[in-house]
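Labels A, B and C are assigned to the chains in the order they are written; within every chain, residues are numbered from 1.
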Amino acid sequence: MSWEDSLLKQAREIIDMYPQKRSAVGPLLHLAQSKDGYISDDSISVISKLVGITEVQLKSVSTFYSMYKQEPTGKYLLSVCKSISCEINKSDEIIDVVKDFTGLNNNETDKNGLFTFEAVECIGACGGAPAMQVNYETVEGLSPNNTLKLCEWLKKELPEVVVAEEMQEDFGGYKSFDWAISDQSGTTGSVPGFQTLKTTKERN
Amino acid sequence: MNENVKINVNGTEIQSAPNKLLIEACEDSGIHIPRFCWHKRLDPVGMCRMCLVEIETPRGKMLVPSCTTNITDDMVVDTESDVVKKAQEGVLEFLLINHPLDCPVCDKAGECPLQDQTMSYGPGESRFVEEKRHFEKPIPISEIILLDRERCILCARCTRFSDEISGDPLIEFIQRGNKTEVNTFPNEPFKSYFSGNTVQICPVGALTSTSYRFKARPWDLKSVRSTCSGCPVGCSIELNSSQNKMLRILGVDNDNVNQGWMCDKGRYNFEYLNSDLRLTSPLKKINGEFQKTTIKDIYSDLDEILKNNNNVKFLLGTNITNEEYVSFNEFAKKLTDEEPSFYINDDLLYEGFFEDDIQLAKINDLNEADTVVVWSEDLKENLPVLYLRVRQAVKNGAKLIVFGHSNSTLLDIADYFYTDDVISKNFEIGDSLPMLEGVEKFINDKNVTAIIGKSTPFQADESIKKLVSYLQKYSNLKILNAFSTGNVYGAFHTLSSIKNLSDFSEEVNSDNTDVLFVVGADPIGKSIYSNQIKKNIKDIDNVVCLDLFIHETSELGNYIIPTSSTLGEKEGTFTNIEFRTSRIDKLVPSPGQALSDWEFISGLSNFMKLDNNIDSLEELNIKAYEGLAQQTKPIFDNLDKPSNLDGILNNFEVNISTSENSGTNCDYFVGKKLYGDNVTIRYSHSISLLGAKQFIEANNSTISKLNLNSTKCLLSQDEVEVPVDFIENEKLSDGIIFIPINRRNLNKFDFSKKISITPNHSKAALNVN
Amino acid sequence: MKETLLLTKHMRSNPEDSHLIEVYEKSNGYKTAKKVLLQESPEKVLEEIKDSNIRGRGGAGFPTGIKWGFLAEDEERYLVINADESEPGTFKDRILLERDPHQLIEGIIITCFAANIKNAFIYIRGEYAKPARRVQNAVEQAYQKGYLGKKIFGSDIDLDVVVHLGAGAYICGEETALLNSLEGRRGEPRLKPPYFPAVKGLYMKPTLVNNVETISSVPWIVENTGKEYNKLGVEGSTGTRIFSLSGHINTPGNYEIEMGSSFGEFVETLGNGVRNGKDVKAYIPGGASAPWFRGDQLDIKMTIDDVANNNSMLGSGAVVIMDEETNLVSAAKSIVSFFAHESCGQCTPCREGTTWLEMILERVASGRGRTSDIDLLLDVCDNISPGLSWPPKMTTICPLGPSAVSPITSLMNDFRDEVESLIPTKILL
């Protein structure tokens, strides 16, 4: 096993949250994603032993879900929505801007490991279409111009913690609803920022 | 008794047993509903949607998959309506849009359910103009199986088989939706003892075996039904040949026995039939060299020898038909007035449990049992399909109690698994049996089916008896004696007296034996008594070997007679572990001058004018079953009746008289792996390497106690040295070291004495006690 | 037309800190749960839910009281909150999770009390990171206060809640797929029969699976009685509902209204009309799975039954407005692509059919269509959803396949000329 003891401890704590070990597969794969930026075969081996299933059974589960990446992702995972409300609000223009800026096609990562681009299905930001997520932090009401600025900002500032509210204030527009509550929490990798996974941090 | 259920199918009323799936009920009444994913022996998943039919519901007609719909009284079903036909056509078109048009080079073509059902139910033309889904053409997913993902229609039969039936889910669906494929994990091949079954049940040519790939077209195949004689389970099989060459073996669904499944050894251990190294002519040793001769010449030599020598002994293998056992028995009776001595080529043979107060179990009793108890050799390695049946019993709700240390492969599904706290390293059972915590509720007054046999050759007979008398006292017990070599049950009831290899090594030597017949046996290559036996045989003046190949034992013969194989080269009968007798049949000619054991003995008897009436197979067949009631006699006439294709059960008298083994104090747990380094496997190219690796197993803590920081080490004792790999097996108890004795030279140690285990590149020997 | 605030009242009154337990308690939060657990019977709660006639807010609209009544007896039963909101056009659960997580937790406590459940899971789609964080914080606060955990509110009742994050699979919104996912398996729908969650659900134990909005409504219903709730809205569509309005509209957003007004009124008042004063060409009344209505059908009432009677569905309450300039073939292709991407791949017609439809539409949309493609599209649809009727018949295991058929039949029924105009009439040699 090549997970560090602290990560294994966290994994066992997660397993203990569930009546049956195998239920922890979902969060443990998120944990693997946060460790390496993708689901490595090595992590598959570790988790399959922890929950008592074969490696290919776990691989079968991990490849079913689009958020468990099979290739290493960049520091920033740019997920531009292309589903119906965004589509009819010209998400193609947003996609073009991101593609142009990063030089990436769908599901590609740049050489420097900075950006991964993907065009994704509905992220639940239809009222603020077109919208995208950076490391699963949502920005709504995008314009092509602001999208470019967002990309440039990410490249220049290299924020350690990606925070929805910060990006929304600086680069977003119309929102699906009033976010109202001030919230500086965000994520620290290409994985949802979530307490159980210890992947969320407050912005300084 | 449950009443039959009446359903109306296509306007005709049919009756069916209750609790049946609609597809089964229809099938039983001769109404075929097309299907891909549904398989009688697998849980239904309703995935392919080919079996959609219309049923009437309060909300009108509804399309439902007949493989997931249970029949109910007065159900009205239409399997041929326009809606159903349209749906079937649609499903087929969907399946075909991404299916390659490589039928001309596909092994499955001609016996392909996709091809056949496309003919019967398909749309006739393709409307798909886009590019098909592409995958790398066949990728090997194990040493013996190849996978073509382009041909795969994702019916999940293989993945369900490996998960539900064999319990080694090493192939799975990867990705989702339109990108879904079947695959293995990188560097974790589909290394299953049962993988060949997935090839057989694959409804397209996605899974193929290295063995049969590109060998023949189905319409050129000749086939015959037979019985596998690889182990006493006696799986029903179909042999396929083309141009007089055996090419493939398939499992036949015999509900009592193998239910369609086989182990891979049974399935692929046939290629040796066509080996260039097969013996094709009789050999006679002259001045230490084998020279070709004729059968007649050998007859005349043996006539001379046998006339002048009274001490004749027989060492028989277990790939011998019942009729052939009878021929040896009749032959031996004429040679001496004494009781003939037959030694069976089996280290683990002992008297077993056949007394009158024992209820013998059938394999299907496993399904009826409340509790299944196992204490025997590793079932998965030695009686693989019985292992599947134990898994099935557990899936159906039976409790499983396993006594160690050999059946560690059952650990994951056992309710109780007793190892070092109950069973000593030498496989002795403690006196605390009735007090075993919790277990009594699964034993007392329950229907218990116990699979009982020796876990290792050194186990004391007494130890097993202790468990059996405990079970007998508290439960309604049925016993399935687990012997594991070929047609050994046939030997039990056809030979007048049976002893084992331990007896042979102690009793048979040049002092008391003038002539030794060794028939299809290589004890020097596989027995733990190898060294002693070799010494003894070498000194015997006249050794007559009947065999397929020259090997460590037959090379010591003065004469070698080339023989036919039980796999497709001869006819006869076979008796399995539950005393079910079934047919062994012939499909291909024997090579050269090879002949059946019985033919040789019959000819020799005639030459010697022994007048023992064993001139024909039919005579032997009838002789084998004298004393049985006419209708239960497994004579050819009876066995060939359609109702008896699955074999005939009988109670036979058993004649085993091995001397009691009081146990040997041994530091090692020795046993056989499925694939060994014997001649037939070595000469079957597909699986030849699977039994080649030399290794020993122990758990991590045992390994670290040995201070071996290498996975390779050297076993040595006197002049025997064998380099082996050290394999970690966490299912073994502390201190147990497993040595597979059917791997090359690993049977050459004296296990009652010290064996040194040293890291391969170090000279510092560590003695283990 | 005005909003009626039941579920969104607390968040509107306390916009900046509605997610905090102290603030929620100041708005009388957790009082109902406490009172119910200490003073009332499970039967009484079930009675209120039945009286309210509330129907599930996830999309299928099954009466909640009846669903609860189906739950089989067992020592071990589970509640799973379906917060896998993924239907394109829908973002109403997101606001409930983000801005009023305690209302959901209170609903969970009351529901578990009514159904004698000791373990609940909130399955939130993985892309909802922020909402999940809010809910996790709220759950932790509730544990600290003793509202979750052992002997909650000082009663004899124990209840544990786990927030579980999904990982990107729309199909997990289907309840049996969700259960597979929660068990650490591929999110493939199970066969019904035999795997009805109320009998064989999570770990093969009886399980209630309810939508966020449904369970968030429980505290109000129990506090104010089911009869009061039943008075809101119209028969068959009682209470309020949060509609997610998006597309070419001036003020997209979530609006909590009583069911019964027309879509046109909704668009004009709360939506403040179509953007740039354009006309509606078509609109989706209930999420991407729903067949479309034409712009001249805006007078249809926003009730479950009215929409169903017009051969579509109110579904998840997601209204998507498409103006006169919308390229409907592209719009339909976007929806079909969505379902092709989200098909689990288990059953043949959905796995192969949705992708094939996507390929044909792609060809047509880019001007490479053939005249035969219109019939082909419809026939492929027919092989997924025989008869192309509504509610859809299906050759598939679950309704995802037929969902991909909806936009195509809408296109072909009402906007066929738009498709035909894209198909070159002359064959270039």
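Just so we're on the same page, contacts are C-beta pairs under 8 Å (C-beta built on N, C-alpha and C of every residue); 3 or more make two chains touch, one makes a residue touch a chain.
For clarity, every value in this text was computed on a predicted model and none was experimentally measured.
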Checklist entry - Counting C-beta pairs in contact, which comes out ahead: A-C or A-B? => result A-C
Next on the checklist: Based on mean C-alpha positions, which chain is nearest the centroid of every protein C-alpha shown?
Outcome noted: B
Checklist outcome for this item: Cα centroid separation, chain A vs chain B, in Å, comes to 51
Checklist outcome for this item: Between chain A and chain C, the Cα-mean centres are separated in Å by 23
Checklist outcome for this item: For chain C, residue numbers touching 2 or more other chains are 169, 186, 341-342, 344
Checklist entry - Multi-chain contacts in chain A: which residues touch at least two other chains? => result 53, 60, 64
Checklist entry - Can you list the chain B residues in contact with two or more other chains? => result 173, 175-176
Next on the checklist: Using the touch definition from the top, list the residues of chain C that touch chain B in their complex.
Outcome noted: 169, 186, 191, 193, 340-349, 351-356, 359, 363, 376, 380, 382-384, 386-387, 393-397
Item to check | Touching residues on chain A, where the partner in the complex is chain B | outcome: 41, 44, 53-57, 59-60, 63-64
Item to check | Complex contact set, residues of chain B against chain A | outcome: 168-176, 183-188
Checklist outcome for this item: So, in the complex, the side of chain C touching chain A is made of residues 11, 15-19, 85-91, 94-95, 98-99, 119, 125-130, 132-134, 136-137, 140, 162-170, 181-188, 203, 244-248, 252-254, 284, 288, 318, 320, 322, 326, 330-331, 334-335, 337-338, 341-342, 344
Item to check | Touching residues (chain side chain A, partner chain C) in the complex | outcome: 17-27, 29-30, 51, 53, 60-61, 64-68, 79, 82-85, 87-89, 121-129, 133, 136-138, 164, 174, 176-183, 185, 187, 192-197, 200
